[in-house]
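Presented below are the structures under discussion, each in the form of structure tokens.
Shared between the two complexes below is chain A, which pairs with chain B and chain C, respectively.
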Partner chain A sequence: METRIIKKENLAGIVKKLSEDMLVYAPVQEEDNVLFKVLEKGMEPLIEFDNAKNAPKNFFFPQTETMMRYLKGERGEELTDVPEEMQEAVLFGVRPCDARSFVLLDNVFNDSKYRDPYYAERREKTTIVSFACVEPPYTTCFCTSVDGHPFSTEGIDISLVDLGDEFLAEFLTPKGESLLVRLGELPKADEASMSKKEALSGEAADKIKSKVPGRSIKPWLDENFEHPFWDTIHQSCLACGTCTYLCPTCHCFDITDEIKKEEGKRIRSWDSCMYWLFTMETSGHNPRPSQKERWRQRLMHKFKYFVDNFDAIACVGCGRCVMYCPVNIDIRKIVQDISKL
Partner chain B sequence: MENIENKLREEAKKLLTEKKVDALVGYEEGTLPFQASPCIITEPEEADKLVWNAFCSVNLAKYVHDIIHRHRESQMRVKPEDRTKKIVGIVARGCTTRSIAIHLQEKQYDRDEVVIIGVPCTGYIAKKKLSKAVKGKEVIECTIEGDSVTAVTSEGSIKIPLKEVLSDSCLSCRYNNPVISDLMIGDAAPPMDPEKEYEDVDAFEALSEEERWAYFTKEMDKCIRCYACRNTCPSCYCKQCFVEQNQPRWVGVGVDQTDTQVFQIMRIFHQVGRCVDCGSCIEVCPMGVDLRKFLKKLDKDGFELFTHRAGESLDSPPPLSAYSLTGDKDDFIFEP
Partner chain C sequence: MQRNPYVPIPVDVAKIVTEVTTKDIKTFRLTFVNKEDEEQFKYLPGQFAELSIFGKGESPIGIASSPTQQGYIEFTVQKAGVVTSELHSIEEGTRMGVRGPLGNTWPIEYLEGKNIVVVGGGFAFTTLRSLIHYMLYEENRSKFGNITVVYGAREPGLLIYKEELALWEKRDDINLNVTVDKGDATWKGREGFVPAVCKDVAPSSENAVAVICGPPVMIRFTLPEFFNLGFSKENIYTSLEMRMKCGIGKCGRCNVGSKYVCKDGPVFSLAELDQLTKEY
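This part shows the complex of A and B:
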């Protein structure tokens, strides 16, 4: 593994330089929000920030994606377009929790049996550069409870660790190493930097105070599809899609055709289990008739079904749903409450 | 504030014990340091968890509407003579009572189906303004003392004047005391500053058409179509919103800029004479879209053209659902 040292004051410049030659996604300040955006000329990538409000899943699994276009011709419908070729890209500045979300999503979209060509190609062509959480950004962070770690390297190609005045850059994968030549001359990291990183890593994990028994509720979920507890959590839920849309691991989608006169396109767009329309059937029957069933689904999907299918919890502990739920429905509390049942 | 809270718990307990209400909607302490969460209680002992403070933000009237309507639906299979009513109690500040007034005017439920516990209001803290005041850092602790708020972040503790973080809707609120109630708790709150109500709108109106459109576009580009604004809005109670209709489809489901704009424009226009400026849509928006400017413009028009203020009393129905042979000033129809 290659390791390098990058001076703090140089990092933003390196990222901006990179964005001249290739597609770079980076966290930027947009009014009051920190958001992952395509870095365009004149935009400043953030080096010191907590985390972006939007999860970076959008770059692999866009909120809306055109899968094909068609045109009504004389001989029926003709396909007129195939998706453009994906570009080489760098996703800069992700937190380890968000990087882990890609490993989880790979189970769904880039499995040996089912390979989603759009997602898979973007994943393959994108190099992921992360900031280890030396200071876990929020008190709502709970990555250590869902198999994560503030210094996790899962899903990461290049990991940056803030050592004070400089960053330790670890080139963890061949994809990461291949980016090295584009970054200019960088000094190699010494032993001292490496051991400093080890120390910071242990301290960081201790700083995560929010603890959730993520794994241990599984047996209860296995047995209690029907339980009075499910009547309690959804009462104040607005049934909006904030939690699922900001979630790095939520990945449900819907496919629709949009037709204007003779032209049509087939699009895939994010959907949310919180919406009543999500399971609405053409007959008018809805197998999840109320918010109770929808909430149960959200919990079950993250802490049971995904574990059954892939032996992983579909939650990375980023805390976005906790922080941004308009009515403060706290998934940490729900999991804790279940563990006491 | 504490007195109000104690009294509130007492009254709520009484209503539930005497079975005058089947459920009661109020606020409880949240899991985050600056949030009170809506809650629905049905047992007298649960009344002790009710809170009343400046963190109580979202308008609760929507819950009343939804609880009653869900109950009515469940009664569809019951013989008409055996059908029951579900009586819902609600902790309501001025804007909440105005939303209830709109529900009643629009015949969403009967007056005897809701028991209104009126509370005087001195405004709630807007989460986004608080976050801005601490430069976007996470608020770890937050306490209110008199006219100031102390917010603790990882960078230390900051004292902020309460006025700086109160919701814009509250600062210029005209009805911070309930307009209808079955019982009142506490003394009437001192007036806010309604003279400044349309300051923002006036400034916006003074801009050129291009500037206004640019601002609208910029704000709507933030929208992620989570529908939190619509879902919290007491006046957005359509069983099926037009954005979810697909026979025919009015709006695309994707993130096409025009689709998002159409959703927002249509939602906003459906609020003519029906928006009480409770600020809930702004408060719940995860992306910080400035919806208020546009809603407030319609509110201003409603007042200037119809001398109407949404939900101010049960006797003044929304202008677009009422017709008066003598009262309508119809010039504007021909002179936009």
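This part shows the complex of A and C:
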């Protein structure tokens, strides 16, 4: 593994320069929010920030994307274009929790039988650069409870660790190493930097105070699809879907058609299990008729179904759903409550 | 390079048959525009496909033809929502799309060497028709034991595949029992609900598997008859329906517990269904 040192004052400039040659998706300040955006000409990414409000999954799995285009032909609409191609890109400034979400989403979108070409193509062409969480940014962070760590390198090609005045850059994968030549001359990291990282890593994990028994509720979930507890959590839910839209691991989507004059598009857009229409059938039958069943689905999917299918919890502990739920539904509390049943 | 699983295969509507007197159930025969697509479209009875009409969307529909019928695929569609209503308004010669084959199949290998009981109600006879065709196919017939079919509809005008029913009626290698809830002046066949007819026909459970599709109420009353006949839950199969979009286990809406109906189903044995949550 190659390791380098990058001076703090140089990093934003290096990324800005990179964005002249390749597509760079990075956190930027937009009014009151930090958001992942494509760096336009002259823009610099944020180097010091907590985390972006939107999860970076948007880059691989956009909120809305065109899957194919068609035109009116002689015998009906005919397919004209399938936009699968993607240029090389860098996804910069990802937190370790969000980077782990890609490893989880790969299970869904990049499976051997049905590879999702849109997601997989972007994923293959993109190098992921992360900031380890030396100071876990929020009190709502709980990555260590769901198999994560503030210094996790899962899903990361280049990991940046803030050592104070400089960043330690670890080039973890061949993809990460191949970006090295484009970053200019950088001094190699010494032993002292590496051991400093190790120390920071341990301290960072200790700073995460929010603990939930992420794995241990699985046996209860296995046995209690029907339980009075399910009548309690959805009562205040507005079914707004904020939790699922901000969630780095939520991957449900809808496919719809749109026509303007002669030109048509088939579009994929994020959907949410919190919505009644999600499972509503043409007959009028709805297998998840109330918010109770929808909440049970959301929790079961993350802490049981995904574990059954891929042996991983579909939650990375980023805390976005906790921070932005308009009625303060806290998934950590739900998991804790279940663990006491 | 894998084919993009979201892009429909182009097909032409070669033939449309209106199946019922209410005119809301039609069978569409589709032929492939490209020969390679036809060769790649390898399916078995029980699978489904997404029928695609650009500008309207897609609808998951069971494949009603059998792979032993070559040169085309067929789908029997009830007019219900946006896509199926559009389908009902198109004419022969229209070009449209198909994505598939999707999902699992009737357990063909398991069925081989056994006596097969097929029970269908109303319009849910489509993938059962596929299975019957498959089993009756000359080269396949000897692989299966006795074939008993109970098929019912509310009234004679609502029976689908009437021509084929007449042909099967004449064969001596299939025991066909067609029934209607209530006959009319011209109806000379059996009257009675499917569960009652099953009880009457009383197929033996010895070395037998039952494959049942129909409205929930029919299934609810038919199952006890089969348990009484000695069929175990491992030897009763059915097919589930759910709202679907992608059809390949990604869009997240058709799961029943950890299983996706589109990918892990739609065919399940009752024993398998017992392991799942009752959310369908």
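As a working rule, the second predicted complex is superposed on the first by the 338 of 341 C-alpha atoms of A that agree within 3 Å, B and C clash if a C-alpha of one lies under 4 Å from a C-alpha of the other, contacts with A are read in each partner's own complex, and residues count from 1 in each chain.
Convention: a residue touches a chain if its C-beta (ideal position, glycine included) is under 8 Å from a C-beta of that chain, and two chains touch if they have at least 3 such contacts.
Bear in mind that the values here come from a model prediction, so they are computed numbers and not experimental data.
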| query | When the two structures are superposed on chain A, do chain B and chain C clash or fit side by side? | reply | fit
| query | First (chain B), second (chain C), both or neither: which does A:Thr80 touch? | reply | neither
| request: For A:Asp116, decide between first (touching chain B), second (touching chain C), both and neither. | output: second
| Touched partner set for A:Ala239, first chain B, second chain C, both or neither | first
| task | Please work out whether A:Lys333 is in contact with chain B alone, chain C alone, both, or neither, and reply first, second, both or neither. | result | first
| Touch check for A:Thr279: first (chain B), second (chain C), both, or neither? | second
| query | After superposition on the shared chain, which partner residues are touched by A:Thr256: those of chain B (first), chain C (second), both, or neither? | reply | both
| task | Could you say whether A:Asp32 touches chain B, chain C, both of them, or neither, answering first, second, both or neither? | result | first
| said: Given the overlay on chain A, how many degrees, to the nearest 10, lie between chain B and chain C at the CA centre of chain A? | reply: 90
| message | Just to confirm the geometry: in the superposition, how small does the C-alpha gap between chain B and chain C get, in angstrom? | response | 7
| said: Please report the chain A residues shared by its interface with chain B and its interface with chain C. | reply: 254, 256
| query | Which residues of chain A touch chain C in the complex? | reply | 67-68, 70, 73, 75-79, 82, 84, 108-109, 111, 113-117, 225, 251-257, 259, 264, 266, 271, 273, 278-283, 287-288, 293, 297, 300-301, 304-305, 308-309
| request: Write out the stretch or stretches of chain A touching chain B in their complex. | output: 30-34, 50, 53-54, 63-64, 135, 137-140, 235-236, 238-242, 245-246, 254, 256, 258, 267, 269, 272, 275, 277, 290, 322-324, 326-330, 332-333
| message | Help me check something: in the complex, which residues belonging to chain B touch chain A? | response | 30-32, 35-40, 58, 62-63, 70, 128, 131-132, 136-138, 140, 154, 222, 224-228, 230-232, 244, 252-256, 283-284, 286-288
| said: For the complex, give me every residue of chain C touching chain A. | reply: 2, 4-8, 10, 12, 53-58, 80-81, 84, 90, 93-97, 241-243, 245-246, 248-258, 277, 279-280
